[in-house]
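Several structures are given next for inspection.
Each of the two complexes below includes chain A, the first together with chain B, the second together with chain C.
Now for the complex of A and B:
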């Protein structure tokens, strides 16, 4: 099967470029020519057809010099490269490139844990290091530091952080907790951010800002450079840990829960990511939809009530945890009982009471930094793995929570899908994550899910809600919603793109940022 | 004072600082690959989504992939490389062919 190529690249030029890359890094780390292995770089779960966005080739360098060699060749032949780290950004695209025919730059081989400093509580890692890998390393070496994994622990620390991912411990805002980057620009320039640019420094991973402009953010959710090393602060293991669950009986309780959570989070009474989880998100790791409902469309209320009763769950299920010396945790727990626990119909559950509950167990692990894959069990709700996440941001108010919930639930039901969602309060904002699950073997259903997603983006934007992250297929649409002052921000991104990457070789279209030579066809800013 | 230090968990301040760089053993032993790529979904209990799905479909006898004699090496190799439904494929950069052989040996062991 001949590879799909970008329209400006002839098969001959592409072939020359790939041969040169193979010479630079070794034939065994290059995949091309329609090799079936290319299919392991597809997104197996999205609303796009099965073989959408398959790359034309894959190159997997190990080390800065090999990356620089590939960049040089890509610049000479204008080959678009799509960097991935562990390639597990599922629901948002996985390892697949933005467009078919790009060459994936797979950094998974670069998976060294370069340093773990127990005294200052940080790690310095390469892009291929997964949460499981760092966790195993800390365990084996008896280092009393916690990581903060994404819910599926197969993901990577660098990739998740650069995508603005969130976790469940008090270190849940990953980008906030990173410290220092090493970056290669598309022209091969290698530099370090923050204190890392001082040759004799020992402060690269202890102070984020350095001297002068802070550039780290420019390399997150962007296509301006390749991050090859990153520092990550790790939480020292606390002397005590107390996870809890509070179940609520009514859908409309979401409003009062959110109002009560806000001061508890803003004042840091609850130190970690506070999650208000809807019934199906919690239940789906334990039961399949078929066990309760064999019809088409969203599961009816009668079945929801049955699940609530069978599994002692609420319409909403609030998870958080306390950390520290036991007397401090017990005092704070009393505040929780007097506030969140005092909402009519609330029931507070301890770890002991839910020790046989797989959902409580995996959340309890996540909130103490133990990576696992249990949440992936959500995929068993419908089966087949089709899922895509819609994740709008809002202030933490009851009114916003209800408005988003009603809006997304109603549209979701109208299109024949279950509402499966959670509201994550990090500090001041809410990330509302709606898990749109569908049967990928049913083309009509897959396309219906795709259409629904597009409708949600525009409807949310009209109400003032923007997504913090999105799937490849919707990057342009979401980017267009950040339009204040005639798309001034995306116009600036395009100017940065031209400055950092004049040949437009790095991840064209990532986050709706297109290089000059593709702008006429794809961009909306002029 | 000792009590205070242990109470608030500051004991780590007296521990040594930088741990050595982890030089991963390659080819990676089968058990290591299992921990990094398989166990999360295929741990043999209700917290393993792969196990839960296989139990629903094939019953208790065949829900575990570790120690499961009904799984042919070629079948495992194919599912790992191509993926199957909820399971995403593992790439050559995740696990090499030689490491996949070691993993298959580990899965067959008791």
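Now for the complex of A and C:
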């Protein structure tokens, strides 16, 4: 099958560019021309029809010089490149590019763990290093440090952090915990951020700042450069670990739970990401919807009640953990019992009491930095594999939690879908993640899911809630919602894009930031 | 004693698996596979067990999955490293992970079946195939009732080199659902093409 190409690129020019890239990095590291391996660069689970956003080719360089060579060729022929690190960004687009026909720049071969410093508790890694890989390295070498994986252990430190991803230990805000980047700009310029630009430094991974503006953020969720190394702080293994679950009986309890969580988080009584998880998210890891309900539309309350009783779950299920010397944990646990545990109907569960519970087990692993893939079990709730995440942010208040919950639940029910969500309190903020599951083998259902997602973005924005990241298909729509002062921020992003990448070769359209030559057709303003 | 399910989770060389107390082994197709294949099934469900019993005498290696769909990953990595085809009757999540790993090594789905219970006594089979379509499968599925995993297994154990699955056929049959069944499973063949 002939590759779909961007409209300004002729098949001949594309073919010349690909040949030149193959010469630069070796034919075996270039995939194109209907090679079956291209299949692994699709997002076959989104709300888009068929195999949308299929790349025209994939190039997998190893090292800075090869990246620079590819950039040079891409600039000459105006070939759009889509960089990925581990390429597992499912729920937001997987490894697929923003538009069909881009060339994926797959950094999987750059998967070296360059340094692990046990004393200062950090690692310096290349983009292709996955959570599983770093975890195994630490285990094998008996290094007493913990990583902080996202729920899917096959993702990686660099890609996830650049997407502002979150984890479950006290180091759960990944961007906050990164320290130092090495970046290649679209014109091939190579530089290091922070202390890394001082030639003799020993402080690149211990101090996040340097001298002058802090640029790291400019290269996250953006299309201004390719990150080729990143430092990440790791958590020293604590002397004790105490995960717990508190189940709550009523939907309305979300308000009081959130109110009680806020001071516990802001005062750092709960040290890690505090997750208030709805019934179906927890249940879906173990059972499917059809085991309780074979009708159409959202699962009825009677079936929810049955699931609660069969699996001893709450309408809301609060997960967190304590870390440290056992007497300190016991003390803090008492505070938890006296606060979150004192909400009427609450039941506090220990690890021992939930040792046979698959949902508790995988969360317990995540909260101690042990990567796994169990959360993918959620895909089995309706079957058919479709999934996409809607992730609005708010302050940690009961009112905001209930408002978002009601808004999203009511809309998803109206569109015939279950509400499957969780509220993650990082510190002062709350990430609400609604996982929209649909049967992708049913075209009408897929389209309905797509429509619902668009409606949610606009409704959330109207209520003052913006998404912290989104799927490829909705990047322009979300970008449009960040519109304060006549879209001043996105206009600035565009000026930066023009300055960093005048030919517009790097990830055009990522986060709704389009290069000048594509702006008229695609822009968030249209 | 280690249970059969625990044993399969570790990945068992087929033949050994069938000697375990797994109940009656369904007679496998007389047609020998022309391609070596591994078989993967979700041993939490009766359907998975049925499938496994029907394929295990022909498979090179069999693997059982549990609550963690990630348990499919080492099985795929091992089969792909040796270029073997892989057949499965699993949940969608396990297939999603299997596909990603296998596609990266030049594998394609040469067969995919979606088995959706429409009610407690009706099932829809959506079969997408390459060149493997056999007219005989239709009456067999219509008659199979809850033994449909065996019919599917018999279609799959004659694994031959094939093309990517693109042609879809749908049929609805009566089949009573096991109370524990997830009501939605996928059968599939991944092979290098």
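To be clear about the criterion, the second predicted complex is superposed on the first by the 523 of 526 C-alpha atoms of A that agree within 3 Å, B and C clash if a C-alpha of one lies under 4 Å from a C-alpha of the other, contacts with A are read in each partner's own complex, and residues count from 1 in each chain.
Throughout what follows, contacts are C-beta pairs under 8 Å (C-beta built on N, C-alpha and C of every residue); 3 or more make two chains touch, one makes a residue touch a chain.
As the structure is a computational prediction, the values presented were derived from the model and not from experiment.
Engineer: Mind checking chain B and chain C on superposed chain A, clash or fit?
Structural biologist: They clash: once the shared chain is superposed, the two partners overlap in space.
Engineer: Considering only touches as defined above, state whether A:376 meets chain B (first), chain C (second), both or neither.
Structural biologist: Both chain B and chain C are touched by A:376.
Engineer: I'd like to know which partner A:491 touches here: chain B for first, chain C for second, both or neither.
Structural biologist: It touches nothing on chain B or chain C.
Engineer: For A:413, decide between first (touching chain B), second (touching chain C), both and neither.
Structural biologist: A:413 sits against neither chain B nor chain C.
Engineer: Under the stated touch criterion, which partner chain does A:153 make contact with: chain B (first), chain C (second), both, or neither?
Structural biologist: both
Engineer: Applying the document's definition of touch, where does A:294 land relative to chain B and chain C: first, second, both, or neither?
Structural biologist: So A:294 only meets chain C here.
Engineer: Would you check which partner chain A:286 touches, where first means chain B only, second means chain C only, and both and neither mean what they say?
Structural biologist: Both: A:286 reaches chain B and chain C.
Engineer: Given the touch rule stated above, what does A:39 touch, chain B (first), chain C (second), both, or neither?
Structural biologist: After superposition on chain A, A:39 lies in contact with both partners, chain B and chain C.
Engineer: Who does A:347 touch here: chain B (first), chain C (second), both, or neither?
Structural biologist: A:347 contacts neither chain B nor chain C.
Engineer: Identify the partner contact of A:355: answer first if only chain B is touched, second if only chain C is, both if each is, neither if none is.
Structural biologist: neither
Engineer: Residues of chain A touched: more by chain B or chain C?
Structural biologist: Touching more residues of chain A than the other partner does is B.
Engineer: Please write out, lowest number first, the residues of chain A touched by both chain B and chain C across the two complexes.
Structural biologist: After superposing on chain A, chain A residues 36-37, 39-40, 44-45, 88, 90, 153-154, 285-286, 288, 358, 362, 372-374, 376-380, 383-385 contact both chain B and chain C.
Engineer: Name, in rising order, each residue of chain B that touches chain A in their complex.
Structural biologist: Chain B residues touching chain A: 6-9, 12-13, 15-19, 21-24, 32, 35-37, 40-41, 46-49, 52-53, 56, 81-83, 85-94.
Engineer: Per the contact definition, I'd like the list of chain C residues that touch chain A in the complex.
Structural biologist: 67-70, 73, 91-93, 95-97, 99-100, 103-108, 114, 116-120, 126, 164, 177, 180-186, 192-193
Engineer: Would you pull the chain A residues touching chain B in the complex into a rising list?
Structural biologist: The contact residues of chain A facing chain B are 29, 31, 36-37, 39-41, 44-45, 60, 87-88, 90, 94-95, 106, 108-109, 111-120, 128, 130, 132-133, 136-137, 141, 143-144, 152-154, 236-239, 285-286, 288, 324-325, 358, 361-362, 371-374, 376-380, 383-385.
Engineer: Show me the residue ranges of chain A that touch chain C in the complex, using the header's touch definition.
Structural biologist: Going by the criterion above, the answer is residues 35-37, 39-40, 44-45, 88, 90, 153-154, 285-291, 294, 358, 362, 372-374, 376-380, 382-385, 441.
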